[in-house]
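Each of the next two complexes has subunit A plus one more chain, namely subunit B in the first and subunit C in the second.
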Partner chain A sequence: MAIINLKKKEVQSKIVYYGPGRGGKTTNLEYVYKKFRSRIQTEMVTIKTHGDRTLFFDFLPIQIGRIRGYDIRIQLYTVPGQVKYESTRRLVLRGVDGIVFVADSLAVRRKENVLSLKSLADNLASYKKSILEIPLVFQYNKRDLTDDGIPLLPVEWLEQDLNSELKAPYFEASALKGPNVAQTMKKIILMTIDSLRKDLT
Partner chain B sequence: MAQQRDEDNFRSQVEDRLDHLFQEDSPEETEENVRLREHPLKGLKAILLSIDWEITDSTMDSLLNEIKNVEYIYSEDKIILTFLQLLGSIGRYLKVNKARAHPNATRVINSVYEALEKAALTEEMPRAEKEKMLLEEVANFKKLKEQVVLRKVEKKEPAVSKGAPPPAPAPEEKEIPVTESFLPEETPVGARAEARFAGMSPHEAFAYALEEIRDVIRAEFRTLRAEIKLWRESK
Partner chain C sequence: MDEQYISDADGQRTYIFTPEQLSEIEAVLAEDLLDVGVHSVTLIDMAGNIISTMDNGDNKHDLYSLAALAAGNFGAVSTMASLIGEEEFSLLFHKGNKENIHFSKVTDEFLLITIFGREVSLGFLRLKVAEATEKLVIILKPGS
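Let's turn to the complex of A and B:
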């Protein structure tokens, strides 16, 4: 749930990057943080395990600036993708306004993608939110690995597995190299702010 | 009508802000990426990038196969071959031990690869410099080996309080081989697990499993404490 401070004219919105472990959620935020460092002007907070895995969450606040007199701030979070951190994922989803589901395009991760999406729907339901209603963008990550002969899931399969009912916008991306990383973020921010618009007008 | 115009205007303002925020500074293509695209190491790099912490046999098999391919290409270059040998040794260790592998193993394998890439891609790099990089990685590798052995010893000698139940057997941890002749025998995971639980009663097997979980949690906390300490020191 976005925090709207009418007195201070501030809007604070929360977007969470969700998906299976090693899918590239943290890499998304890291790419944006490094690439647009000069304009973001905030610090990224990350806590990792010894295996460089996200332990609690990553956090990157972004200031969009003043629109219609409101100072708009976006808080970007990732969740730890490993199965064992289910309770942390649920906790990070508290008060979420928009979701990017980062699916792993590796053929061997097909099942993990589906299970992770199911856990997202369940965790949202625990906060009485519907995955059908919340602003959601899919990112099919690691598409660049196809150049290296690594077997990837065709986008049609990913769409069929994950997005056939939700019909959310999707991007084929490479969080490591950059294509469509910023586009994914722009899309979810736009959709999230759009959904909050009624509160602002 | 006016409301629609108002909405469009708002949306357009947000879009403009986002366009400005995420404006591309310059093309992303670096000289290194261009060279890498044309380079025989690219397959190896891709596999290393795709190695999961929950390391699978198939990924590790791909890594070991790719190392063989690259070894064939660089069969005349002893420095590169030694780098590849280091990668292979750590790769086999990771394959056998998976999540129980020493936490530094993934760091060392990535460090060895980075040095290998530098040595292989930088044509003008003097041989002496390549040798120096190799020696540093060999030292890292040896240090990792010591850490693996030390951890194994620590697990074998847990502090037992008076009256406490006898400790469960420590999980097996294969040491990192230095040369081919010391390579661990490859055993299917299921077979190893069966061998470990063989002869145990259900409650012993349960205690053993608990002990393993405890070890993992302890290792996590140990590393976390070390990382927090490092973070504080760097502040």
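Let's turn to the complex of A and C:
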């Protein structure tokens, strides 16, 4: 649920990084936090377990400048990926305007990706939103691991498993090292703001 | 600019607040709450976005993080309530040494966060929050 403030000429919008556990959602936000420090006025908020896993969510507000005369303020969130935190994931999705689905490219994680995407669709439906309509970008993460000889899912398989019907934009990325992390974020921000365009004219 | 309050864009709900609405909201927050001595008051939506915030000039809180956490906290507590068969908990309040924080649902979509010190009693604060909430509900009503 984006907020448009006509008095301050400001737009606030919520983007959620979703995906299976240990897929790199938090690492995406950590990279953005380091890379765009000058545009972020606060500390990144994380609610973790003692084992350093996301318990509730990570939160990072970022100002991206002006579009059509409006200051654009994007609130980036992650969900906890572990299967047992389904109700928490649903809470974080409340009012979401755009989604980055961070898929794990590890060959052994193929099933987890599919199950997580199914849970995303179900959770969006609980807010009467359709995964077919909401701005969505796929990020196939951990592509750098191929250099270490670790078996990865071919991008064609990931596309077939996850994106054959949705046909959303996708990026091959490494959240740890940085390639395509910023591009993923820029794409989802553009798509999300574009979905608000009729309200900003 | 379309002056509509809520629009549906591709199935999405967008809340558009006019300068007049925001001025009315600020007047309620200032007169009903700041003037009785609260330190800061913030109206947010349940997604964690800030609609309006007012303070007494002494506060340097990170309000965006506070709003995100408050919305998450409120959602978590509401889910806990339903798990034990309650519709909702009527009092959401955290007491600190110097600052206290009070959460109050305005409508299903909006939440009021009030930060106050020892000089304001919880009972009085709840009374004033209830008064402010009644006014905010009217201002926030679609088409108002």
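As a working rule, the second predicted complex is superposed on the first by the 198 of 201 C-alpha atoms of A that agree within 3 Å, B and C clash if a C-alpha of one lies under 4 Å from a C-alpha of the other, contacts with A are read in each partner's own complex, and residues count from 1 in each chain.
By our rule, contacts are C-beta pairs under 8 Å (C-beta built on N, C-alpha and C of every residue); 3 or more make two chains touch, one makes a residue touch a chain.
These numbers come from a predicted model, not from an experiment.
Engineer: Which partner does A:39 contact after superposing on A: first (subunit B), second (subunit C), both, neither?
Structural biologist: first
Engineer: Tell me which partner A:145 touches in the superposition: subunit B (first), subunit C (second), both or neither.
Structural biologist: Only subunit B; A:145 stays clear of subunit C.
Engineer: Which holds for A:186: it touches subunit B only (first), subunit C only (second), both, or neither?
Structural biologist: In the superposed model, A:186 contacts subunit B only, not subunit C.
Engineer: Examine A:125 and indicate which partner it touches, taking first as subunit B and second as subunit C; both and neither are also allowed.
Structural biologist: neither
Engineer: Once the shared chain is lined up, is A:178 touching subunit B (first), subunit C (second), both, or neither of them?
Structural biologist: Once the two structures are laid over each other on A, A:178 reaches subunit B alone.
Engineer: Tell me which partner A:96 touches in the superposition: subunit B (first), subunit C (second), both or neither.
Structural biologist: After superposition on chain A, A:96 lies in contact with subunit C alone.
Engineer: Under the stated touch criterion, which partner chain does A:22 make contact with: subunit B (first), subunit C (second), both, or neither?
Structural biologist: first
Engineer: Indicate the residue numbers of subunit A shared between its subunit B interface and its subunit C interface, in ascending order.
Structural biologist: In subunit A, residues 201 are touched by subunit B and also by subunit C.
Engineer: Please output the residues of subunit A touching subunit B within their complex, sorted ascending.
Structural biologist: 21-22, 32, 35-36, 39-40, 48-53, 55, 62, 64-65, 67-68, 72, 82, 106, 108, 142, 145, 147-150, 176-178, 182, 185-186, 189-190, 193-194, 197, 200-201
Engineer: Within the complex, which stretch of subunit C touches subunit A?
Structural biologist: Checking each residue of subunit C against subunit A gives 1-2, 7, 9-19, 22-23, 45-51, 62, 64-65, 68-69, 71-72, 75-76, 79, 109.
Engineer: So in the complex, which bits of subunit B are touching subunit A?
Structural biologist: Where subunit B meets subunit A, its residues are 6-7, 10-11, 13-15, 17-25, 28, 33, 37, 42-43, 46-47, 49-50, 52-54, 56, 58-59, 103-104, 106-107, 219-220, 223-224, 227.
Engineer: Which bits of subunit A are touching subunit C when the two form their complex?
Structural biologist: Residues 1-8, 12, 14, 42-43, 45, 47, 56-57, 59, 61, 73, 75, 77, 87-88, 91-92, 94-97, 128-130, 133-134, 195-196, 198-199, 201.
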